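In the two complexes that follow, chain A is the common piece, with chain B as its partner first and chain C second.
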Partner chain A sequence: MWSLLQIELYKISKRPRTYISFIAIAGIVLIIQAAFKADPGYLNILMQNVGDTFEVDKSKVINGYFMCYMILNTLLIQVPILVALVAGDAISGEANMGTLRLLLTKPISRTKIIGIKFLASIIYTVGLLVFMALLALFLSMAIFGVDDLLVFRAKADESQILQITKDDIMWRYLAAFAYAAVALTVIAALALFLSVFAENSIGPIVATVCIVIICTIISNLNIPIIDKNIKPWLFTSYLVGWKGFFYIAIDEDNVPIRGSMENWPAIRNSLFILLAHIAVLFGASVWFFKRKDILT
Partner chain B sequence: MKKLLTVLFITSTISANAQTEINALLNKAKAKIESVNDYEAAGVMKTNVAFLKVPIAKVKIYFAKPNKLKVKSEKGISFIPKGAVSINLNNLTGNNKFTVIDAGTDKINGAVVRVAKLLPQDESSDVVLSTVFIDEVRNLILKAKTTTRDNGTYELEMTYGKYEAFGLPDKIVFSFNAKDYKLPKGITFDFDDGAAPAPASKDPLKGKKGRAEIVFKSYVINKGVNQAIFTSQ
Partner chain C sequence: MNLLLDVRDLSKNFNDFEAVKNLYFTVNEGDVYGFLGQNGAGKSTTLRMLLKLIKPTKGEICFSGKKIEEGDNTILKQTGAIIERPDMYKYLSAYDNLYIFAKMSGIKVSRSLLMDQLEMVGLADRCKDNVKTYSQGMKQRLGIAIALVHSPKLIILDEPTNGLDPQGIADMRNLILRLSREMGKTVIVSSHLLNEIELIANRMIIINKGEKIIEGNVAELLDPANTLVEINTIDNKDTIRKIQETKWASLQETAQKNIRLRMNRKDVPEMISNLASMDVNILSVQPRHSLEDYFLSLTNNDTHVEPFTN
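Right, the complex of A and B next:
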């Protein structure tokens, strides 16, 4: 089992496309950090007219925690595409290179083979997130320092600014990255599922990207009939659930409660829905892979 | 005719007396305030604005005559209301370039107070009108309302304790106009947790009025304040 996993990871590490994701993430993060360091003007869009009523030290607002939040907000919509690059290649890549038949002649069950490939995709996804955490969180903390985090949020028709004190933030990031790992594993499971049916890698990768883009667009439409009937069924509606860890609860005096979350049941339910997606997609992948015809 | 003249004479005498009285009362209250050349106060500030969910902040307040005031948060990001400079009553009554009008009496927490309206003589002044409510017994300003040309109306309510001899309050409730806050749609990609939105507030001032409550723990009075504080961020 361990040696099979090592082989899979070795194969992933030898593909140039594996590193496209790391380069893309590093490029985007560094560009955002450099842009904010040079010109923090974006903050004015978020602050709107708050500066008319309050004196706020904007240099404190743009700190490492805020930068990480901004970067995750931007990147976690694109990262599914990067995950698909590797997971979509898992089975179809073997078929394309003609090694799938050879692989399946070995005395290893098909369930084990696809399970190992899925596990390798998860490890790659977690590796990508760890890399993102190192750059977006820890490098930002080194460049911009640390302070309280301001979360700018539109909740229904209301806009809010939530302030989380700096000693109450790190656990939220750990939880958010763990949640993001589950969310991105759904994408890996989807890409793996599509990979089972293809003979080359481009098809499942492009199909996964298209599904993610279409579902993300629908998830962000604010049309009541879609909100009620379609959004709850789309996994993309739950990809941004990591933000729930930053929606701090407030008491009756409008003061944030340290260590709290506004709606933990909603985050927990989102996690269950994502885990159910993983189970269904991986289960379907196994089912179809076991019946896959490799003779014709 | 004689009777009419008598009535007019008595009325004008009473009015003049009342005017003298309110001037004297205001001067007594001012004398207390003006005995303070500078101070450094430590306290906690609770800001209450509909869109802003911020923790209670530990603040330091620095004042130096004639009208320098700085509110600084000890740690973290702070939202200091822009009109907070008026929490120092010296800024209100410090210059003598205003006309005092006796506006009768009113009640604050059951106690009768004298009301004086201060009209600035300088027509270009940002302050249009200030109304102060003075406790006649203790010679203290308990409440002040300031209407400005550009920044709306500020209201101060003071509670006094240990430092009332200096006219310095233990607690200030500062009300101010707060503009509504609206994020442009589609830039935050928020997580829809499915929770029903909060019911619309019946308060017509929701989103328009803000309150900051400062509770002072201690004052260091007339010991000098580093002037650099007033120019620092």
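Right, the complex of A and C next:
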């Protein structure tokens, strides 16, 4: 099993498209960091909504933790596309190259083959997140230093600023990245599922991106019947659930409670729903792949 | 000869289309077994069913006396194959490709094993080059190395000479003969280059439109007593009329352009002298015995494009 996984990772590492994602992430993160380093005034754009409500010492807002939070807000919406680039190619890419039939004439069960491909996609996804963490968190910490994190939050009709002390932040980032890994694994499972049916990788990659876009739009619609009947079942409703780790609970005197979260049960339920999506999509992938006639 | 492969009542439907119909055949250990048929006859579909790439609609496959059930990979452990094209990872080297598929075959892989295989197919010098820089013939040879690396009992080669130049075809033929005679492998070869099969196979099956037409020993099927003689004369219609008056009348076969007689090869000179004595102006007499003629005659000479005549 381990040697097969090594082979799969080796194949992924040898494909140029694998590195597109890393280059894209590095480019975006470095541009944002350079822009804020050169001109911290960009913060005004972000604070338009809360500026009238709160008096904030802007010089204290920008630090490594804040930069990472802002970058994650921007990037975690785009990363699904990058995950689809590799996961959508897993089976269809082999079919397109003609190697799928050679692969399947080897004495390895189809379940194991698709399982290894899925595992490799997860490792790739985690790799992307670790890379993002290194750049967005640790590089930002090195460039901008560390201090308390201010989180600007639009809650119902009001704006809110939450302050998290600097000694209470790192675990939240680790948890947020772990949550993001689960959320992005749903995308990988979806892309893999679509990949089973295709004979070139463009189809499943584009289809995955389209599904994510459509579901995201639906998730952001504020229509009661959709809120109640559709949104709870859409994985896109939970993709940004990682933010929950930064919504710190406050006591009766409006003082943040160190080490707390406002709504852990909601985060836990989101994780369960995402895991259920992964199980269903991967299970369906195995079911169809085992029955697929290889005609390419 | 021990029976290696026993295929019974094998069928495959794609929706309403019957690609393979109730196919029975057997392959003995050590056979070079020719699998013949025109394009679309069902050869590849059958071979893919043997390799579990396609699930049969019905029928059973027995390998070394054991029925292959779903989820049983016995046949795959003992089989090496090239199906249609020798596709592999073009962005990897020949060595890497061989390493990957050797590992996937479940064997203990060593550098010396891989290099021996690459040496055998003449690719040792180029083993570090990416496969995308290889010619079709080199890819085909690498495909053979991949098929052989785990030392299988059975080797399945689907159209192995496709896209090869004459030298590549000759190399492939020699390789198949070596596999059989020197290494004792059982080889199933499908091809539409039927003369190639004639040169290497000891047993064969001909299928047409998914159905078996004939199976047997190549030498017997090419028995001289069953030679097809093609005659061309100045006036073929008149010649046919004259043949009706001879003892050769019952041996005449339907032909589109030429006169065809199926007869014993040793009787051809007598037949020529008979026709000459009846003032038939003979332009050519061609005793044809190749598998191709045999195959074409058995499959009713299905012509899709009218031959060009000047």
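Points worth noting:
The working rule: the second predicted complex is superposed on the first by the 281 of 296 C-alpha atoms of A that agree within 3 Å, B and C clash if a C-alpha of one lies under 4 Å from a C-alpha of the other, contacts with A are read in each partner's own complex, and residues count from 1 in each chain.
Please note the rule applied: a residue touches a chain if its C-beta (ideal position, glycine included) is under 8 Å from a C-beta of that chain, and two chains touch if they have at least 3 such contacts.
What you see is a predicted model, and the numbers here were worked out from it, not measured in a lab.
Counting the residues of chain A touched by each of chain B and chain C gives the higher count for B. In the superposition on chain A, A:Q78 makes contact with neither chain B nor chain C. Residue contacts after overlaying the shared chain place A:R15 against chain C, while chain B stays out of touching range.
In the superposition on chain A, A:D148 makes contact with chain B only, while chain C stays out of contact range. Contact with chain C, but none with chain B, is seen for A:G98 once the two complexes are overlaid on the shared chain. By the touch criterion defined above, A:V61 reaches chain B but does not reach chain C. According to the touch criterion, chain A has no shared surface contacted by chain B in one complex and chain C in the other. Interface residues of chain A facing chain C in the complex, by the touch rule stated above, are 3-4, 7, 10-11, 14-15, 97-99, 101-109, 291, 293-295. Against chain B, in their complex, chain A makes its touches with residues 45-46, 48-50, 52-57, 59-61, 73, 77, 147-148, 150, 152-163, 165-166, 220, 222, 227, 231-232, 237, 240-244, 247-248, 250, 253-256, 258, 262-263, 266-267, 270. Residue ranges on chain B touching chain A, taken from their complex, read 46, 48-56, 76-82, 84, 176-179, 181-195, 197-198, 210, 233.
Contact residues on chain C toward chain A in their complex (touch as defined above): 14, 48, 51-55, 71, 73, 76-77, 79, 81, 83-85, 87-92, 96, 100-101, 103-106, 146.
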